[in-house]
Amino acid sequence: MTDQPYNFAYLDEQTKRMIRRAILKGLAIPGYQVPFASREMPMPYGWGTGGVQVSAAVLTPSDRFKVIDQGADDTTNAVSIRNFFRRTAGIEVTTKTTDATVIQTRHRVPETALHAGQVLVYQVPIPEPLRFLEPRETETRKMHALEDYGLMHVKLYEDISRHGHIATAYAYPVKVEGRYVMDPSPIPKFDNPKVSDCPAIQLFGAGREQRIYALPPYTRVVSLDFEDHPFEASKADHPCGLCGAEDSYLDEVITDDAGGRMFVCSDTDFCETRQAAGHRGKDAA
Amino acid sequence: MSEHTQPLLSVRDIAKRYGSHIGCTDVSFDLYPGEVMGIVGESGSGKSTLLNCMAGHLTPDNGQVIFDTRADGPRDTVTMSEPERRMLARTDWAFVHQHARDGLRMGVSAGGNVGERLMAVGARHYGDIRDKATDWLDRVEIAPDRIDDRPATFSGGMQQRLQIARNLVTGPRLVFMDEPTGGLDVSVQARLLDLLRGLVRDMGLSAIIVTHDLAVVRLLADRLMVMKSGHVVEQGLTDQVLDDPQHGYTQLLVSSVLQV
Amino acid sequence: MIEIENLSKAFTLHNQGGATIRVMEGANLSVQKGECVALVGASGAGKSTLMRMIYGNYLAEHGSIRVGRTVVTDASPRDILTMRRDVLGYVSQFLRVVPRVPTLDVVAEPLLAVGTPRDLARDRAAELLERLNIPQTLWGLSPTTFSGGEQQRVNIARGFTHDYPALLLDEPTASLDATNRAVVLDLIGAAKARGAAIVGIFHDEAARDQVCDREIDVTAFTPVRAA
C-alpha cells in the first residue's frame, strides 16, 4: 500500500470500517439517522462529501461506478466524482444505469428500474426532515424516538393553506416502514414512488451534517399526505422533446431569448438509450 | 354524590432541590374533575418549579404526580415512560405558557398552530383540521379570516388566546397555566379571564394556575395554595384564604394589593 | 337547617406584632326551614363576620356551623363549594363578577352551575330581572357598568334564581326604591314559603318586621375587648 499515493477509494481502512458500521446500523434501522465521524474530503461541503464517503466505503475493485447529478452523467460534479474514484480506486466507470453496480446520485432516482445487487448512494444536504420546523437537534431526535410527528404534517398543512395544494415539490417527506419520517434528499417528489419497494440498496450520506441513513431492499416508503389532499408524483405535462418519453421526469431547457423552450428527460442515460432504440421526440434533430 | 368521584390529579410529597437550594418541598394535594386551583406566591417561591414538576417538564427529586388516565386509571406520571408522558401532554394535558412565544410556533400560521395537536394524534383530513381550527379561533375570539396569518402579526392578547386554542383543541382534561395573564394590558386580561372561565366551565376542565395576581385567582380559582420559599404556607378555598388569611405571609400578600 | 354552636372567632395580625383581635365568642344560632332570622346589633358587633363564617368565607376558631348536611367548620374546600352551589345562597352588598359577562348570564349562572339547561336558566334569569325592573336593554351588558342600585338588584336576582334551601341576605333592601323593595320582600316571603332557611342583616326596620320571624342580637356574642 505504501507505494501508492492513496488507499483504495481514497479513505483509509479504519475510516471505511467506521462508515460501514454506520451503514449497517442504518440498514438495520431503516430511516434512522446514524451519526458518523464525517471526514474532510478533497471537495467543498455541499458537493457531495457525504455521498462520496458512503461510496468510498462500499466500493470494491470489481464494481462499476456511475455518478449522476440531477439525472445527468455529464455535469461538472458528476464528472469530477467519477474521475475521483477512477483515479483513487482504479475502478471501472459507466453511464449505463443497468450496467452500474454502485450509483451515486444528486437529486434524482434513475428512470430505469434498479435491480437487486445495485447500490444507490444519495447525496444529502440536510438529513433532518423536521429541521425547518424545529431547530433544536436534541428535540428532533426526541421526536423521532417518540414518533412525535405531528409537526411534519403541520408543514404540509401550511403548504395547502398557502398554495391550495401541497406545494412541496422536492425533498418530500416520507415515512419508512410505518416508523421513521425521513427526508429522501432533494429528489423531485416524482421520484418518491421509486424509493419504495426498490430491489436495490439505498444509502444516504450527509457529510456536513455527519449523518448516514439507509433503506434495505424492498422497504416500504410512504409519502406523507392528507386524506383529502393525497400525494401526487407530478411532473411537467409534456413528452420528452428528444426521445418522446411520456413517463420520465423532465427538465425545462430555454433554447433562445425569444421564449423558445423544450422539455427533455433529466435522466440523460434513459433518454439516450431510448433514442438509440429509435424513439424520437418532436424537437429531435 | 360528587364526594365519591376520585381525584383527577393527586400530588404527593413533591420535592425538587437545586443543589442545596429548595425549589419546592412537601407539596401534596388532590385536584378533582372540574376544579380550578390557583398557586400564588412571589417570584422564587417555588410555584413555577412545582408547576413544571407536575407537568413533567422537570423531574421531581421525590414524590408522585398521580393522574387518572382515561385508559388505565390512576398512574404516577413521574415514573411513567417518556412516550406515555408525551402522549398525555398532547392529549389530556395542556400547558399555557406565560409568554405566548414559548407556547406557539411563531413561523407557522394560526391554523397550523391550532391543528398541530390534532395532527399529532393522527388527524389526516385537511378539511376537518381546518374546520376545527376555524371553530377554535372563533371560540377564542379571533376572526376566522386570520387563520392563515402568522402569530407574529397578532397582538399580545391574541397570541395568548391562540395559545389557549392550540392547547384546548384536543379536549384536554387538565390545563397547567403559568401566569396566563402576565404581561397583558388590564383590559386584555379581563377578556382573557372571562374566556378562560367560560371554557373551564363549558368543557368541565380542571386547571392549575400559577400566578402572582390575586385578582386572577379570585375570579378563576376555586381553591388556592400560597407558597413561600418552596413551602406551601396556606391552602384552602380561594375567597376564604384571601378574605381571612391565617398565615402571616398570606396576610402580607393580601394587604399589599392596591385596592381599586 | 342552619345550626351554630359555641362559635368563636379571632383575627391574628401577624404583621402587626401578632396582635389578636377577638371578635366573637360563644355564638349559638339555630334556623329552621321556612324561618327568617335577622341579625341585629351595632355596626362592628359581628353580624357580617357571622354571615361570612356561615358561608365558609371566614374560618371559625372554635365551635361548629352546620348548614343542611354540611359541617362548614370541618368541611374541605370541595364540600364547601358543593354546599354553595346546591344549598346555600348568598346575596352580598357587593357585586363581584368577571368583567364583560352579560347581566343575563351573570344571573343565570347559579342555575347553570347546578346543571339547568341554558335556555331554562336564561328564562328564569330574564323573569327575575324583569320583576326587579332591570330594563331589558341592559341585560346584554356587563353589570359592572351599572349604578349601585342596579347592581344590587342584579345581585338579588342572582341569589334567587336557584331555589337554595338556605339563604344569607346582607342588606337586601338597601338602596332600593319602594317598588323594588316590595319585590325583594315578596321574593324573600316566597323563599320562606317554599321552606328556605334565611339569615339576614336588615337595617331597614320595616322590612325586617315584615319578613323576619326572630331577631338575634349579635352583641351578646361580642367578647369584651381587651385593650
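A, B and C are the chain letters, set down in written order, and residue numbers restart from 1 in every chain.
Simple rule for what comes next: a contact is a pair of C-beta atoms (placed from the backbone, for glycine too) under 8 Å apart; a residue touches a chain by one contact, two chains touch by 3 or more.
Which chain is which protein? Per UniProt: A = Alpha-D-ribose 1-methylphosphonate 5-phosphate C-P lyase; B = Phosphonate C-P lyase system protein PhnK; C = Phosphonate C-P lyase system protein PhnL.
Bear in mind that the values here come from a model prediction, so they are computed numbers and not experimental data.
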- Item | Chain ID, smallest distance between chain and overall C-alpha centroids | B
- Item | Relative to subunit A, chain with the most remote C-alpha centre | C
- Message: Quick check: how many Å separate the C-alpha centres of subunit B and subunit C?
- Response: 32
- Item | Distance between chain centroids, defined by C-alpha means - subunit A, subunit B (Å) | 46
- Just give me the whole-number Å value for how far the CA centre of subunit A lies from that of subunit C. 76
- Which positions of subunit B touch subunit A when the two form their complex? 82-83, 86, 90, 105, 107-109, 111-112, 115-121, 124-127, 129-130, 147-148
- Touching residues (chain side subunit C, partner subunit B) in the complex: 11-15, 52, 56-59, 77-82, 96, 98-101, 112-113
- Note on the structure: Interface with subunit B, subunit A side, in the complex: residues 133, 142, 146-151, 153-154, 157-158, 160-162, 225-229
- Task: Write out the stretch or stretches of subunit B touching subunit C in their complex.
- Result: 2-3, 32, 35, 190-191, 193-194, 197, 201, 218-219, 222-223, 236-237, 239-240, 243-244, 246-248, 251-252, 255
